[in-house]
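Down below are the structures I want you to see.
Here chain A shows up in two complexes: once beside chain B, once beside chain C.
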Partner chain A sequence: MQSLNVLTASAMQQFRTSIGRPMFRFCVLVQPIIFGLLLGMMYLEKSDMDFTLYAVFGSGLSTFWASICFSSASDIHRERWYGTLETIYAAPAGFKWIVLGKIIGNSIWGFLSICISFSVVTLVFQKQIVISNYLWLGIGLILMTLSLIAIGYLFAALFTLSRNARVLMNFMEYPVYILCGILFPIEQLPELLRYLAYGFSPTWAVKIIRYAVWGGTWNEVSPYIGGLMILTLGYLLISVIMFERIDAKCRVDATLEVY
Partner chain B sequence: MDSFKRLIRKATLSYKGLFAVMSVQQYLMVNLGSPLMQMLCFTLIARYVYGTVDISHWFIGNALVLTYFNAIFGVGVQLTQEKNSGTLKLLVASPSSGVGIFLPRAMLHIFDGLLTVLFGLVIGSLIFDFYLPISSWPAFLLILLVASFSAMAFGLIISCLGLLTRDLNLVLNIASMAMLGLTGANFPLDRMPVWLQPIGQLMPLTRSIEASRSLYSGALLSDLSGILLGEFILGIVLMAIGVVMFSIMTRVAVKLGVLEMF
Partner chain C sequence: MLSNTYPVISVKDLKRTYSAKIGVMNQKKKSVEALKGISFDIYPGEIFGLLGPNGAGKTTTIKILTTLLAPTSGEAKVFGYEAFGEEKFIRHRINFIFGGERSLYWRLSGEDNLKFFADIYKIPRSKQNELLDCLFDEVGLTDVRKHKVETYSKGMKQRLQIARALLNEPEVIFLDEPSLGLDPVAARALKKMVRQIADQGKTVLLTTHYMQEAEELCDRIAIINDGEVVALDTIAGLKTIAQNESNNDANLSLEDIYVHFIEGRAICKV
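And now, the complex of A and B:
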């Protein structure tokens, strides 16, 4: 119960404060609009389904991912910069729960960015938005949000001891757009890369949303739902192990706040 | 000769000041990795959207637009970095003219931007079968040089805007998105609303992208001289605007005593 309180308090605090940062404001408020317009212009003459999948949802998912890159992945780095990393690390509330709360707080904003791009692209382009199955859409969006939280948590763990967090977070944005078929079908990629793409949960989430747009039976969608859930649990498990190892390493090396 | 040496020294120092803190790996990721990934991403979208077998038309646009990385994230942050380092007041108090301050800060980025594009073209030739006859390369390099110059001049204006706001990242990212969307790199400019099209024409790189596509389609350099001259003049105008903005802003800031206020 105490952990849940920490989680909620951390998420609420992060939700209120993260939007104060200009880069985060850009990611969740401005980028969905600009990216939505840019992709809308590009997909203008494609079918309504392609337009819905890539211009409407693609722009939203890409900005959600950007918010993970520029916030969840770099929050640890930011705490280090502020000189508060040691404080939250040593807090009796539990470092893991505080970090998870932060990522949930950021992800709420990330999810809102999908709503912004959906509204803007729909209003500006006046194209027909095709959603054949609202259940798949709901499941896809919920699982994708949970999975991005898990990825953010994993990155937070990985970057706790990394001096390259700032550079890496800038580099991570586009490779995921390319690999996971967020902005175009992964069938455009060479076969080898397509196999690699399935190691990243956004690929599975995009497939579920694709079925929501194009329509599909439970038999068609369920493997992707299952795959996404397994990957998300896998990310969470690795994150928990990483946090345990980092805990030991920080105490041995005493390099938590070293740049 | 002394002034030329001084120019080179200032250009080198300013460039080093921006990147010296990074390891080679970080430098390559920032300077080549991110721009190339963006180029690949948008070219692949274009291949899917426009469905053309020869994707070179869109690839060239996305390769040229890479110069904005240096223009915006290199040149655009220069004055804010001076402010952050506490050296802006020294710069303003120095006897250097506006051009003397700006030119060295843009100089190496012009060549760096050019290198990024050339590297992108090599990658493109491997992935998208981009091919430009050797006879067209001198003209293409000239277009790249002019494109890079006008992009850097735009970066200088962004750099001045950085002095007005604490939200520099917001300005930088909006400017970079504008370069992606308004220059015709990714979709035909006539798809934009009528009121937005003149802004597209006023953006740096729009003419260079048009010129390089025409060159690829077989046009001669002499046919493109008007467009290139237009891009070069645009660069000069943008640089002049940057110098005037810097002069006015620093004068007002000194008068109000807010030069280094955040």
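And now, the complex of A and C:
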């Protein structure tokens, strides 16, 4: 029960703190509108299905990803500057649980950004939104959210270990837009890059959502559901191992402090 | 009073070296020895002062003892447990405040801050309301408990930090320059609170640059310079040593004693 209290307290604390930051507000409230309008214009002349997939869900997923990069990952860096990293690190509740709660808190806002872009694009462009299979859509969105939480968790572990991981955060934002089929089909990429794309879970989530829009049988969708679950579990496993090692390593390397 | 009691904190030949990379293209590794083998014991109920110039190793010592930093070698024990390796037996029994206005979430209210810290210190929610009422009252922030921390003055933030540090009813509190930047009134209020904490039987390890504060509060003082303890005794004991060494019978203030040990004599390890 107390572990659940820790998770909810940490999620609520992050939920409130994050939205207090102007940059985060821009990321989850304004950026979905801009991305939605931009992608809506780009896909306006395309089929309703392409419009739904890239303008509606693509804009939402890209802002969700941006919020993961600029919140879940960089929050560790921010806590370090606030001087709260040491306080939460030494708390008896356990650092890994507190960080997980924070990432869940941020992801709630990230999910909201999908809803914002969905609403904006639907209202502004008045195009028909095509969803052929709501079950695949539900599964895709839920698994994608869990997967992005896992990625945020992995990033948080890296940020605790290294004060220079901020570079990684900036480096990761655009490659995911390009590689994962969020803004255009990955089939347009060179073959080698397509293999690389399958190392990122958003690629698999986009595939599931694609089947939700275009329609598809269980046999067609299940490999992507399985792949996304395996990748998410892989991210989680690596995160847990890293958090176990962090406990000693960040104290040896003195990375909890600003300097 | 101390010799027949087990120390609550025990530090023996503690060393800590930091490594840093210098340069951009041709990076070179540089090592800085922050602690060069310090030793001291702190006993239950003591207010123990750690004085020294900037960069002397005070904060490094506190960070090791609060389980936030690993020692390079030597022993750092709290309640008989190693601060590095047995921290799970220590963390719920201690708390700490580092100087300045950090370690709080400024965009949250004082109350939301304490509620969050109470949860991560595993204080049952059924007890939290009463505890928070009591702590806000104790630090004099009841009227502003629902205000955002960013609207607090420096002194108010420091008092909120004290409330945070008392949430888990710690047996030992580490205060690293708690009065840094406070005005005289706020500093006096802080001293009163530290005294009250000690009166409750808690052990306090205090670092400060303010000699008057150390003189008023500390039972014993260790003076640390360049990573080494250069003197350790009660204020009266330090005074006697300084008087004998300088052949000066004048009534020395703690500042005189401090300057004597930092500048006025060759380092003699204790």
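Assorted remarks:
Note that the second predicted complex is superposed on the first by the 253 of 259 C-alpha atoms of A that agree within 3 Å, B and C clash if a C-alpha of one lies under 4 Å from a C-alpha of the other, contacts with A are read in each partner's own complex, and residues count from 1 in each chain.
In this text, a contact is a pair of C-beta atoms (placed from the backbone, for glycine too) under 8 Å apart; a residue touches a chain by one contact, two chains touch by 3 or more.
Worth saying up front: this structure is predicted, and the values here are computed from it rather than measured.
Within the superposed three-chain model, A:167 lies in touch with chain B and out of touch with chain C [touch as defined at top].
When the shared chain is aligned, chain C comes close enough to touch A:254, but chain B does not. In the superposition on chain A, contact of A:175 is made with chain B only, not with chain C.
By the touch criterion defined above, A:22 lies against chain B but remains apart from chain C after alignment on the C-alpha atoms of chain A.
By the touch criterion stated above, A:48 is placed in contact with neither chain B nor chain C.
Touch criterion not met for A:244: it reaches neither chain B nor chain C. With both structures placed on the common chain, the touch criterion links A:92 to chain C but leaves chain B unconnected. By the touch criterion defined above, A:37 lies against chain B but remains apart from chain C after alignment on the C-alpha atoms of chain A. Counting contacts by the rule stated earlier, no residue of chain A appears in both its interface with chain B and its interface with chain C.
Those residues of chain B whose C-beta lies close enough to touch chain A in the complex are 22, 25-26, 29-30, 33-34, 37-38, 40-41, 44-49, 166-170, 173-174, 177, 180-181, 186-187, 191-192. Remark: chain C residues 18, 63, 66-70, 84, 87-88, 91-92, 96, 98, 100, 102-108, 112, 115-117, 119-122, 124-125, 164, 168 touch chain A in the complex. On chain A, the positions that touch chain C within their shared complex are 2, 5-6, 9-10, 12-13, 16-17, 20-21, 82-84, 86-93, 98, 248, 251-252, 254, 256-257. Of all the residues in chain A, the ones that touch chain B in their complex are 22-23, 25-26, 30-31, 34-35, 37-39, 41-46, 54, 164, 167-168, 170-171, 173-175, 177-178, 183-185, 188-189.
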